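Both complexes below contain subunit A, partnered by subunit B and then by subunit C.
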Partner chain A sequence: MKETPLSNCERRFLLRAIEEKKRLDGRQTYDYRNIKITFGTDYGCCIVELGKTRVLGQVSCELVSPKLNRATEGILFFNLELSQMAAPAFEPGRQSDLLVKLNRLLERCLRNSKCIDTESLCVVAGEKVWQIRVDLHLLNHDGNIIDAASIAAIVALCHFRRPDVSVQGDEVTLYTPEERDPVPLSIHHMPICVSFAFFQQGTYLLVDPNEREERVMDGLLVIAMNKHREICTIQSSGGIMLLKDQVLRCSKIAGVKVMEITELIQKALENDQKVRKEGGKFGFAESIANQRITAFKMEKAPIDTSDVEEKAEEIISEAEPPSEVVSKPVLWTPGTAQIGEGIENSWGDLEDSEKEDDDEGGSDEAIILDSIKMDTGVGISNIGSQDAPIVLSDSEEEEMIILEPDKNPKKIRTQTISATQEKAPSKKSVKKRRKKRATN
Partner chain B sequence: MEGAMQNEAKIRAESKTESGPRGPGCSLRHFACEQNLLSRPDGSASFLQGDTSVLAGVYGPAEVKVSKEIFNKATLEVILRPKTGLPGVAEKSRERLIRNTCEAVVLGALHPRTSITVVLQVVSDAGSLLACCLNAACMALVDAGVPMRALFCGVTCALDSGGTLMLDPTAKQEKEARAVLTFALDSVERKLLMSTTKGLYSDAELQQCLAAAQTASQHVFRFYRESLQRRYSKS
Partner chain C sequence: MAEAAGVAAEFFASNRARAARAVLDQVVLPGEELLLPEQEDGEGPGGAGERPLRLNAGARSRVRVVCGPGLRRCGDRLLVTKCGRLRHKEPGGGGGGVYWVDSQQKRYVPVKGDHVIGIVTAKSGDIFKVDVGGSEPASLSYLAFEGATKRNRPNVQVGDLIYGQFVVANKDMEPEMVCIDSCGRANGMGVIGQDGLLFKVTLGLIRKLLAPDCEILQEVGKLYPLEIVFGMNGRIWVKAKTIQQTLILANILEACEHMTADQRKQIFSRLAES
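Moving on, here comes the complex of A and B:
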């Protein structure tokens, strides 16, 4: 699905509003939207909401062999995905420019700033290190993806606990969460991205642009900073020239915002830890607001399944019994088995006689055969129930030849003989059979 | 009179001991659902069954790619995204099961040459994931206002080595189970829309699981009804 384009009057309206220092959602120039952080039941899982923008973060770990040139360092891997759920224009499985840009920025912000001690992720130097994978899914796109994603990534990393490992000599033991408490990652600092949107060639500036504002902006400046006011990454995009003063002013604003957000993150993490320690309820189910009209909860519901057995029996007894299937395969030679053929013909006698008619239509014995037709039908089905295949049609009889006469064939032969003698269904087939015996 | 009472009590006790071993397994975990929580999709729902949680978003009926256009009905697309890593074969097969279920109930003929896209995101997997996906998809379709001939729900049953039947199993129960059966049922006649099974079971057990799923589906549909009633209530 294509993105709905922004109309000219909408664009003009937005820009005019920005000139008048007004924003559509009633915020001031430097205001952030509300940030809400919720945690899942398992470690390293969180959802960050920045206004209506929503990002799901999940951290996972795996033991892998390290990179050759970095034998004592663990591996960090970031992957931001723009799901189609977030906006209809995002196509699944396509690496768009925006996605590449965001992923790169995230890597620079979190990996290159060395906020995570990768050396502590080493288990056996040169052999086994932890690979930490951060998966971020954008669930709803309402502007400023990078800020929400960077918060989600750092929160998930802070919340994550990896299984404990011990090394004794050459032996590496991995402990399950039941045996030993999982250990948190060692995090030096928390870099957080703050976005600034510029309008009218840098005359106007807005913090935390929403989706509409992003569409009419001229340029974007992203500053990643930690609470010690150290800049981790800075990126300007969109092709606008910024003055030195503007950048300095932005970095000052970023410092304040980062302080606020870091405080919020720490509070959220403490809260979650407290609840977990006390053994209270946690997870996404608890974060659903109960008073909201769109939300509804149901407690554990017992289900009466005492009548299930009777019901099942009833259905089975009502159902038609399955047709008897001979599951015993006939073993002709080692490596070849035959299933079927020995089963009674379910097509009935009528077809058999018709077939005969076709076979014998042109032959002289038609009249004689007619008189004993009924007999033949019965005879065939009788023989058929034993496992000697008698095929009346002369078309592909050669294929029925049994090449290795061990014990079975003799019996069959006698049967065929008796059958032919008894009923003599057709001269042709008898002839054929004689021929067959001759070839044998 | 007293004797009869005693007799009755005895019968009750007996039936209790009979259903005793599978008493604890035969319950649905707590359910929670929130609709319309995302602003971009036309309909969205988050469905929780115990600790299993799935988020669903629905776009549609909307513009369709020419290559996917069907001239007499809507093109239904289901995308399932795992929590970690890239979608693999397991996700593809689930997508197909969910799509087939949705196709059976969505009245696509009312919107020819359009696309209906259901995007599902696994938020946490603690057992009965496919059932939860189906429930989330249904609630999101309802929220988007897509016309359907019936609602549908997913119910998972597990049979352990002793033949005990469990409804809505957790991840641990699923792992230990001898067979895991997932059914999709419609709300009108409680008919089977989809079934997928794993493991060994007899035909009697299949019928038992189906009957149990039908009983459980009543609870799920009651939950749907109550949550929708609350949503469209005036207060």
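Moving on, here comes the complex of A and C:
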């Protein structure tokens, strides 16, 4: 899809506003948008938000053989991708000029500044080294991708932990995170890009241009710097002439901005470390609820549970102690079982328990359980495949009712079942019949 | 809202069509089937007289029901295609009325009769190509301006803003815009001036601002003298005396979307003081 064109009136308005030192979002000339850093569940995963621009960073590692001319150095790999999700104008599967420019700038900023100790990534010289891969995905585009991407890359690298390895003679052992704690990468410094947009041939300058400002700017200057005020990369694009003192002024501003951002990054990393130690939820993993169904909820039926305990105690106190006969399940044929001895059974009288259930309400599942067990007890011989009645109940009262001893053992089971069916309210009977069919 | 979503979930569980009358101002979800009350049966809403809507009910049913955005007729069934709240407007003469789904979205789909703000992207022969934020650019004839003739062409440059109206908007055809009404008058449409600020908001906010009982516009109007144009495609053009005022107005209008009436009043009173 084509990019929405910028109208003449927007362009004119933006330029006039910049002349008056005003910006669309109310920022001052040297202000950054809000930076927010969140971490994922795994190490080496983060999302950086710069205003509405969002970049996802993910670091991964792999053991590979090193390059021939650098036998003792690990390999760093950076890849930024502009997905179509970020802005409809980005085409998938095509290396646009912007993408190439951003990728090269990132590599220069992070690899060539030697911020990561590549020698420490060597496992066996000339044979095995770690390859660290940094994948950056632009999730939303609202200008100044490079700053957000460089922050995301360095944050993800600082956050990343690689598996520990040990070398004994010729043997290389790779430890899982359970065996040995993963080790962080050794990072010398944190280079961060700061972008300056120039307007009217360099007369006006803005820090952190947003998407609309980027569209009307004449030139862009990107300075990558660390907190020791060392310039890692500097790039000017757009073909504007910059004066010496302009560049100097920009580098001064960049120094201040980098200090602020570095502090923010360190605070975010510390926070994450702390929360992880405490075992709480962290980062954007927090927003993902595991094993929870949020949709299609059935509303709870109101149940009066005010005097359940007394009722339950009453039942227990009234109840006779259970019969001494310990029923053992008898296996007739594989797949079938019989509990109890023949027609004898020590389960509770259904009619009585039914009435009590009605008082209590909400424990109808227990009766189903009863009647099913009864069913299986009677028709044990003619049930071919006996599916275990899958009635899961975890409330306490139900169990008590099951424990109730038999007051009227002479009764024939089939009769009891039919009686309960007639007596039970319609809802229950439907349920029961279904269950019965399933068991038969 | 959550309650309504629960009801909608229940619908999916039971898999049966709900009566449109019963779910007015509630959340409906795409794929849901709705039933319209058959007025001829003479039974009250929600009664037993509800049957699926029959489009070809013939002479028996003279009730005219209009299905607006978010609803689609599929055979004799009425299906929901967007998620949002079901709305209904009673017509003057009784019966039927208009049903539509009020949803929140940013992507604009051209609709015949909508007034929109477009950006001229190309001039080719006797038509202009206008970007309206839809899936493809709309075409605008140079004769579709007030007072334009073959000799007297309107002065439109690439990049200009156009306020116009759709006369053709089909899903299978290029949309076509005009800047005149049926009498050949401009009626406010045409090229928008060179100053001012254009910004994008959600389609829901535009509808909210254009609603007849909307207080926001009146309150905004009390702040500064301003010129404002709303396009149904989510674009607003605003111009005040100074750049500062224009910026303030743009930011207020954008922020209005997620503010309650009380919060809005507070902000307006604070602005009026300063």
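As a convention for this text, the second predicted complex is superposed on the first by the 284 of 440 C-alpha atoms of A that agree within 3 Å, B and C clash if a C-alpha of one lies under 4 Å from a C-alpha of the other, contacts with A are read in each partner's own complex, and residues count from 1 in each chain.
Here is the rule we use: a residue touches a chain if its C-beta (ideal position, glycine included) is under 8 Å from a C-beta of that chain, and two chains touch if they have at least 3 such contacts.
In this text, all values refer to a predicted model and were calculated from it rather than measured experimentally.
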Contacts of A:Asp142 with subunit B and subunit C, given as first, second, both or neither: first
Subunit B versus subunit C as contact partner of A:Arg54, first or second or both or neither: first
First, second, both or neither for A:Asn8, with subunit B first and subunit C second: second
Contacts of A:Glu20 with subunit B and subunit C, given as first, second, both or neither: second
Per-residue contact with subunit A, leading partner among subunit C and subunit B: B
Partner chain in contact with A:Glu81 - subunit B first, subunit C second, else both or neither: first
Subunit B versus subunit C as contact partner of A:Ala312, first or second or both or neither: first
Contacts on subunit A seen with subunit B and repeated with subunit C across the two complexes: 1-2, 295-299
Residue numbers on subunit A that touch subunit B, as the complex places them: 1-2, 40-42, 45, 47, 52, 54, 56, 58, 60, 81, 83-88, 92, 133, 135, 137, 139-142, 283-285, 288, 292-309, 311-313, 315-316
Interfacial residue positions of subunit B with respect to subunit A in the complex: 15, 18-19, 22, 26-41, 44, 46, 48, 51, 53, 55, 57, 59, 62-63, 79, 81, 83-85, 115, 117, 119, 121, 123-124, 126, 165, 167, 203-205, 207-208, 210-212, 215-216, 219, 223, 226-227, 230-231, 233
Complex interface listing, subunit C residues touching subunit A: 5-6, 9-10, 12-13, 119, 121, 131, 133, 135, 157, 159-161, 192-198, 237, 243-244, 246-247, 250-251
Subunit C-touching residues of subunit A, taken from the complex the two chains share: 1-2, 4-13, 16-17, 20, 22, 24-26, 295-299
